[in-house]
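What follows is chain A paired twice: with chain B in the first complex and chain C in the second.
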Partner chain A sequence: MSTTALLEDTKLGPKAGGLYRHQNFLTGIITGGLAMLVGWLIAHYTLQSNANWGSDMVVTVTMAAWVVGFMAGIGAFNAVFRWMIGHDQDHEDELYAAGVSQGWKRYFKFCTDHKVVGTQYLVLVMTLFAVGGTLAMIIRTQLISPNNHLISPQTYNAVISIHGMIMIIATIIMVSGPWANFILPIQVGAKDMAFPRLNALSLWLVVAAVPPILISLFIGGVDSGWTTYAPLSVQSPPGQDAFSITIITFVVSVTVAGINTITTTLTMRAKGMTMGRLPIFVWGSIVSAGLGLYAMPAFLAAQSMLLTDRVVGTSFFAPAQGGAGWLYENIFWIMGHPEVYVILIPGVAAAMDVASTFSRKPVFGYKIGIGAFFGLAVLAIMVWAHHMFTTGWAPNLADPWMLTTELISIPTGIFFLVIIGTLWRGSIWTRLPMYWVYLFLWNFIIGGVTGIYLSDVPADQYFHGDMFVTAHFHYTLLGGAMIGATAALCYWFPKMSGRMLNERIGKTAFWVVAIFFQVTYFGMFWEGFQGMPRRIAAYAPYFHTANVIATVGAYGLFLGWVILLYALIHSWMNGKVAPSNPWHAKSLEWHISSPPPLENFLVDPIVTSDPYTYGEDEAATPAKNPTPATVGSSEEGAH
Partner chain B sequence: MSVVEEHSSHDHHGYYAEGGNHHDTPQAKHRKEHMLVWMLIGGDMVFTALIIFAWFYLKALNVEGMWRGAACTPNFNAGINQSCTDGIGNSITHIIPTASPVHTFAVAILAIVGAGLMWFAEVQARQGASRKTTTPLLGLASLAILGSLVWQIYQFQVLPFTTVQGAYASVFEYIMGSNVGHLLLILLVATGLFIRSSKGLHENGRWYQIHLSRLFSVWVAFSITLLACMVTFFN
Partner chain C sequence: MSSNHEDIKREQIAEAVEGWTHGGPLYRRPAFRIMILVVLFSAFGIWAAAFFTDKIMPSILSTQMGSVHDTVILFTVLAAPVSALVYAIAAYSVYKWRRTGGDEPPPDGPPIRENTLVTSLWLGMSVILVVVLLVWGMTALSSENQGQLKPVTVDVYGQQWLWTFKYPGTGVESNQLVVPTGRQIRFVITSYDVTHGFWPNSLGVQVDANPGFNTYITADPTKTGQFAVRCSQLCGLYHAYMDANGKVVTPAQFSAWLISQGASSSAANAYALGGK
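Our next item is the complex of A and B:
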């Protein structure tokens, strides 16, 4: 019997886990629902006795009660409560919380195993993309003709806002959720994240945050876009309150997740895993996490001030009582611009690692690439006001902000150099993950170059608020970061699932996505050049042709993602069993079985070289028939 | 990546015991949790800085003269015919009084006392004191923090303005709300420490949880004091 079997089939006592035994996703929903009801009754009849059922106060309290109730029902507070009363969880309780002996049920529980959390994150991210993508299809269908009546203008505004924010939430966690949880601890040689319970907490907080933003669609929606600019958002329907509760909950999640990522990397590395030997994906993840720690409090401040303006009548942003919309815009973009790089950097870093593995070469300019991550993070903090060029705020500062924004092209240019330098003269093995790296390079160069136009004040005066901006940031966040994340998905899918991803279906998805992506967003660039504003439900016939092209492209793009989803599900259920190292990669996660056992390493690894020693101990061309490694062992053995 | 394997001297499924810290030496455990607390403080510093930014930004803009000016409320009761414009269309505002610094600083001082008592309890625990010493200190710390929290809530009742009366009032009450949140958090932690101490869980060198809690409590006390000075001397 292997030691893995010993661990994962450990028989726990009948009381192991305590209350955890009876808690799962369903109890979370039931408890959250009951809490909502209690919150609604209290708010409706006590706090604001003259309010209607859907006043700002009632909605806010009800949604906050849902979050607290759901988290209590799933078991997030058990350990805290037991700590408070001095009755700490014992060894068996912790093993139960880590999912021992629970099989598939652990995926529906407050499980502390980082691999379970990573998998839960992946499913959550794909669900969010499905919802956000469906809303995008509604938007594009509305825009297929100039005066379409598919949805009302009010509903259109709400759909635009919710699409934007769901996609932002999904993209923020699309790499840091699945891969920084599943892969990063293994890459640094750790048995789990530094704080397993905080890890589960971060996941379930996002789950708790989703229903309020979806409910907001049915209580008037949010009509001020994903940025929820004040003072318009101060006057929005009660859906805005639910939206703010979602953001505040999400901020807590991202903050604890970021702290966990950084602490794991800095304190839990295996012997010999110096900072200079970390895979570049780990560097990207910790820079992104650090930037998130700076940015997220601003999101909390902006949304909580907005909420108090709406619920208790403060006047942060309402000029009629001494507030200022510019205050909101400043605080929002102090969060908003760094957040772009919170999203982007891990995806880029993953693409770099994929490029290295499939070109059988070390990451070119490893240290310069890391420097570019830090440089980008610093610049990201300095450039928030370039989103406000046309607002009239501090016009004398436009030049410095234009300059610092244009400086961003230097670290982002370095990203290209690193990836292209890695590919240059490599023994390139073009498997499915590499397809996505190529697409990343193509898309991100377009997203990057169009960003330079927008950083330029005179050009921004024309383009600001039109579809050119929409196309630009979709090329950057979807075409760049999300395609990088897709490369990571295809690369690490065998490690996560223990199955090989079906490349035939995956490549079909790739080509459909790659082609229709260009059609969609070139259509939007055209709309932008013609001067079509963003966020409008009806438009002049002059813009019709470009909108038809963008809409047809969007349908195709959606189809491409559906095909990829099918490939994932099909492969997870029926795919070929994956060997431990199907790509002959060098980093630590490829030294253990696919999927990895609980606690990852049954023997503690000692690292003696960097993760990119290609060519030193192998022929440049990978072997055709890799040998599956045994659990916890190194394929290379001692060096 | 070249690796060699080292057979662990530990029980192979021990990581999850004690919340994922079983393999750690006490030093490593402290380092992890230290880092956690300092990063939480760092995030909270950004949040506090943004409140300060909002205060000075709105004060400097003084939109429509309503930093500390409240809009006139028309009163047509009992035959009073009060106009809220100056005759040429401008709204009439009146300056609202500032909040009493007594309450503001009482909250801060009690928070400082609470954090100080926690610090003293930590010093005692580090020197090997028994539960008979640390438990009363942590109990008093909890009471001080509770006192600060109650006083902060009481201050809402005695403010000479309401949230709708201008930007000053808005930010002031937002700060009070932020204080309530922070004090509630450290009250829960201090109460937990008190209960645990009474069970002897901080004896025999197990002082680091008091230490970590003290770090955050000191930060909270400092930020409350900083904001108290700001709202009192720069209003």
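Our next item is the complex of A and C:
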């Protein structure tokens, strides 16, 4: 480190960054709040008089003003504005925007360094999980007895809707946010993302999107679930308007982030980093991002149309004026099904890489695994109507939808083949990340098998819309994707924080999560078989036993996550300092210091093999380490 | 890569395959032990499915509900061995090859990057399973009950937060769903306000009630008994309370019930007992 000057240590002039110097999270909130106030005043005094949809207009304008104000306040538009007036940023400004010489403050700024953005995403995702998880605890507590009056039915409906949507937002970004931003550019050998400003934009758009959906809880709430089916959602309280603003903002963020991930991978790879040498996690991330580019705009369309139905009286989804609820349902699920694979694929891909590192073996079936990602992505866009088997829409198409849905089991089956093929005869190194891979296998199988019951139209005639479905998708999204993401978290935590994760606490968290997860969703499967509908605030007494099991399990599960959170915070503050390559893994991020320096590589890496050369004769695969990549405090020289 | 390296790789892979089937006495071979695990895991899965369908699910009052039960059992029987194989291999890998903890990684495993035979078998197995699932589902979908008698039509109306059932031709309107055995029931479903989900659960059918137009579903009750009609689509404030009682009765009881609800006896008999 002493011989090479790091970019971080560059001395910047007192004016570098211009307006950026004075902008941070706090100014964003203040500007956003002021914009809200102005928006509210204008809307209140000009639009409120309209008796039909006055309050909806006011809420919409206020929330949109918040988003724009917050983004302006944090500095999202500075560079664009300066470019428009002919004073483009100079090099010092760019360095300032990348966080040079700001210490911890850069984590609260519109920072273009991909590692800062990745860390910000991680904290954001955990915050969202904390909010969503707390809402889940409220739901489970309400359901602990058949006719509980803990919260009113209206609050209950709002809570389940916001729990669902917050968790969907969090899971969509839980891998593509922290890891596709922090790790992926390093893995491909890039110094940053292709579009650093868009990277910061995508993060802060999510931050801007969160308050409206939380505010919605206090202005009547959303009473139609996270799916917000029309026509009910057309008549919902004003909370629905805030919800729509959140979604519209979030979709822009996901789209921007997806373009960035794909462009980075396609154009920023280091010398010798052919597509065939990419870690499989990178493949998973770009397939997921591409699928998101297809899927998410449909959500924007659905919510925009819903919002105009509510605010200016269009009637896309209002049956009395020629609209159709089925139109909403179709557009929604054209987003909704691909979206679950947007969530799933990067989690699975990360689990594959973790499995490889901790079995000391190459990923088994690298190519067919990538093929399965693409296969799943293509099938994903052709299965949406299986969510509508029981709506009565297009009954003649039941057979084709059943076919495409059941075909899904082929690529997902390959995921299992890849992972167990990787484990087979490996030297299973039982460190914390590997624990989560095993839990992923256990859960995702159950999620997958229960999915095939639902893919069968006659069986779905019973199970649709009941707790069986709830248990099923929690097994896939939480038990599968999120556990995969947790494996990724424990795997990359040392790289990100520069500290080792405390494995003793981590393993305690693992066992609590693993066991209570099964208890919780066993209870929900039980409810589902008994025929308890989803989303009900009270239930018949014979569902009681199963609900008690689910609630007790949920408390334990929550506790498990809290323990993990404690392990993370504790280790981040006091953990043992991490070496550059604690797992002796081979992808590029492990060849630079932990945490990596600004712009990652001081010398451009040259890649001569893929990162899976475990057990292969080192002499026969000469430069498995990209020779000149060693920078900073890396200990690679020791090997 | 040098040919020397290729040789080493081939040796390691050969050794890996060898260990799979030829590791000493039968009970010590991985293949055998994994098969034992597969059988155990499968048996547990199938037992669980049988337990859930027999003990937990509402009783079977219609052909459709019977088909739900059969589907759960059949799919479990098909899926359990596959899942069990994954579990068995995962469990065996931890049992057999684990190297606990330590800051230094264990020595590398054999570099098995792919295996065409295994991959092909796995893919072939998936395809066969999908075909079986699909044929099963399509058969169940297309099996129309060819009853001798014309179906009994029941008009179903959903509204926030109440079900109303009308028995056309008899003038009977009730909040209770009563249907006879031995006849196909044709439900004509609509809603007065928002989307509801009509779900007479022991009949094993479900369809949404949409405002403005009708949807249809048929059920073939086979056995008398009570069941619950629930709303399966979140429909607003009191969605949780949108239940109705349902009952499957004999045709004679059905006719008597219609009369008790105010139908004339001729209309009730014509409706309940039907004609060709």
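The rule we apply is simple: the second predicted complex is superposed on the first by the 604 of 639 C-alpha atoms of A that agree within 3 Å, B and C clash if a C-alpha of one lies under 4 Å from a C-alpha of the other, contacts with A are read in each partner's own complex, and residues count from 1 in each chain.
By our rule, a contact is a pair of C-beta atoms (placed from the backbone, for glycine too) under 8 Å apart; a residue touches a chain by one contact, two chains touch by 3 or more.
These numbers were taken from a predicted model, which means no experiment stands behind them.
After overlaying the two complexes on the shared chain, residue contacts for A:153 are found with chain C alone; chain B is out of touch.
Once the two complexes are laid over each other on the shared chain, residue contacts for A:98 go to chain B alone; chain C is not touched.
Contacts of A:540 after superposition: chain C is touched, whereas chain B is not reached. Look at A:378: by the touch rule set out above, it reaches neither chain B nor chain C. Judged by the touch definition given at the top, the superposed model places A:397 against neither chain B nor chain C. Legend: residue contacts after superposition of the two complexes on their common chain; A:214 is shown touching neither chain B nor chain C.
With both structures placed on the common chain, the touch criterion links A:424 to chain C but leaves chain B unconnected.
Applying the stated contact rule after C-alpha superposition, one finds that A:298 touches chain B and leaves chain C untouched. Using the contact criterion defined above for the overlaid structures, shared-chain residue A:320 touches chain B and also reaches chain C. Once the two complexes are overlaid on chain A, the chain A residues touched by chain B in the first and by chain C in the second are 319-320, 326, 612-613, 617.
Residues 1-2, 4-5, 8-9, 12, 16, 19, 45, 52-53, 56-58, 64-65, 67-68, 71-72, 75-76, 79-80, 82-83, 86-87, 89-90, 93-94, 97-115, 118-119, 122-123, 126-127, 129-130, 133-134, 136-138, 140-141, 189, 193-195, 197, 199, 201, 204-208, 210-212, 215-217, 228, 230-241, 243 of chain C are the ones touching chain A in the complex.
Residues of chain A that touch chain B in their complex: 3, 6-7, 10, 79, 83-86, 88-91, 94-95, 97-98, 100, 112, 191-198, 255, 258-259, 262-263, 266-268, 271-272, 277, 293-294, 296-298, 300-301, 304-305, 308-309, 312-316, 319-324, 326-327, 330-331, 334, 586-588, 591, 598-599, 602-613, 617, 632-634, 636-639. Every residue of chain B that touches chain A in the complex is listed here, in rising order: 1-8, 12-20, 23, 28, 31-32, 35-36, 39-40, 42-44, 46-47, 50-51, 53-54, 57-58, 61-64, 66-67, 69, 71, 162-171, 173-174, 177, 188, 191-192, 195-196, 198-199, 201.
The touching residues of chain A, counted against chain C in their complex, run 153-154, 157, 223-225, 229, 231-232, 235, 319-320, 325-326, 359-368, 390-392, 398-399, 402-403, 406-407, 409-410, 413-414, 416-417, 420-421, 423-431, 438, 441-442, 445-446, 448-449, 452-453, 455-466, 503, 525-526, 529-531, 533-540, 582-584, 612-617, 619-621.
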